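Before we start, here is the structure in question, set down as structure tokens.
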Amino acid sequence: MIGSIVRRALLFAGLWWVLAEGRHDGWLLGGVAVMAATWASLRLWPAAPMTLRFAGLLGFLHFFIVNSLRGGIQVAGMALRGRAALRPALIELTITLPAGGERVLLVNTLGLMPGSVGVDFHGTTLRLHVIDERLPVIAEARALETAIAGLFGRST
Amino acid sequence: MLEWLSLALLAVGAFFFLAGTVGLLRFPDVYCRLHALAKADNLGLGFILLGLAVQADSLAAALKLLLIWPLVLAASAGVGFAIARRAHALGIAPWRKEAE
Amino acid sequence: MTSVFALAIALFLLVNLVVALLAAARGPTPADRMLMALLFGTTGTAVLVLLAAAGGGTPLVDVALVLALLAAIGGIAFAKRAWQGEEGGDA
């Protein structure tokens, strides 16, 4: 409990330092803000049944940045070539991640990954719109699932 | 040196925004347009923020610029899924390439 | 030199935003018009941070940050509504 209070307070203090752009004249207000934020976060998200893993977070960030780069470059190329480059289709995919935060993150993040946009979701069936059905979208979605599982400290 | 890096990153960012708009104009339906905007524009913003961050006055100022990116990404991810789901619920059929 | 370049890119993105907004507003479906919400979040934020670098000063970065924060809350609310619609079984 004490540990999580200290960790969160340090996190919010770091955030204040960034928001104040490193200036030191606002720390009186900053201290109040940090305490209020810590209190609110403990009320809204009581000490950690669902902890994010730091190593998983780095892994996820790396995965995310690399793939949003790939996705952006791919779709920019298609935009320049026009609709002849497109071969859209709807595909269905069975999700293996457990319900809750993991699935919410998966369905929403898929829209920023190469080739896919989440369209609909029933039970464990996710419907995706893919911009080119020749792309290995299912493998990409599975890789994203693995990265998310790592973020939440589970292994698939 | 850092200035040239910054200018290059800003130019790359502008290119992705342009690509997003070109996709919006040329793609045949709302789903494909969503691909273009969600991916290209967010990457463009990432490059613009990085380009400004490398020239920021302090580390804290640079981090503050970079902090904007995940927020806009969260917005785009949520809004993008909501748009696709709405389009699907409205019964908008995806454009298909005609068989050759 | 950076400030001139930043201003030029800000103007370019502004033109880009207007063209994209007009294209999205033209539709043809209501879902196309929802794309305008995406455009404001990304391009709007980019224009603000560029104007800050072009001489507008750091308060504009704060404006961009608040815009991004509000867009994020809006986006999460949008997605959550879509989610609850799913659980309510409207489909």
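By letter and in written order, the chains are A, B and C; residue numbering begins at 1 in each of them.
One rule holds in what follows: a contact is a pair of C-beta atoms (placed from the backbone, for glycine too) under 8 Å apart; a residue touches a chain by one contact, two chains touch by 3 or more.
Because the structure is a prediction, the values reported are computed rather than measured.
Taken pairwise by the contact criterion, the protein chains are fully connected, each one touching every other.
Of the two chain pairs examined here, A-C and A-B, the one linked by more C-beta pairs in contact is A-B.
Averaging C-alpha coordinates per chain and comparing to chain A, the farthest chain turns out to be C. Averaged Cα coordinates give chain B a centre that lies 9 Å from the centre of chain C. Here the spacing of chain A and chain C, counted between their Cα centres, is 19 Å. Measuring from the averaged C-alpha position of chain A to that of chain B gives a distance of 15 Å.
Chain contacts: chain A has residues 19, 21, 108, 120-121 touching two or more partner chains. Chain B has residues 20, 34, 38, 42, 44, 61, 64, 67, 76-78, 80-81, 84-85, 87, 89 in contact with two or more other chains.
Contacts with at least two other chains are made by residues 58, 65, 79, 91 of chain C.
Listing the residues of chain B that touch chain C in their complex gives 3, 6-7, 10-11, 13-14, 17-18, 20-21, 24-25, 30, 33-34, 37-38, 41-42, 44-45, 48-49, 52, 55, 61, 64-65, 67-68, 71-72, 74-87, 89-90, 92. Chain C makes touch with chain B in their complex at residues 1-2, 5-6, 9, 12-13, 16, 19-20, 23-24, 29-32, 34-35, 37-39, 41-43, 45-46, 49-50, 52-53, 58, 61, 64-65, 68-69, 71-72, 74-82, 85, 90-91. For chain B in complex with chain A, the touching residues are 15-16, 19-20, 22-23, 26-29, 31-32, 34-36, 38-40, 42-44, 46, 57-61, 63-64, 67, 73, 76-78, 80-81, 84-85, 87-89, 94-97.
Chain A contributes residues 17-22, 68-69, 71-76, 78-80, 82-83, 86-90, 107-112, 114-115, 117-121, 127, 129, 131 to its touches with chain B in the complex. Within the complex formed with chain A, the residues of chain C that make contact are 58, 65, 79, 83, 86, 91.
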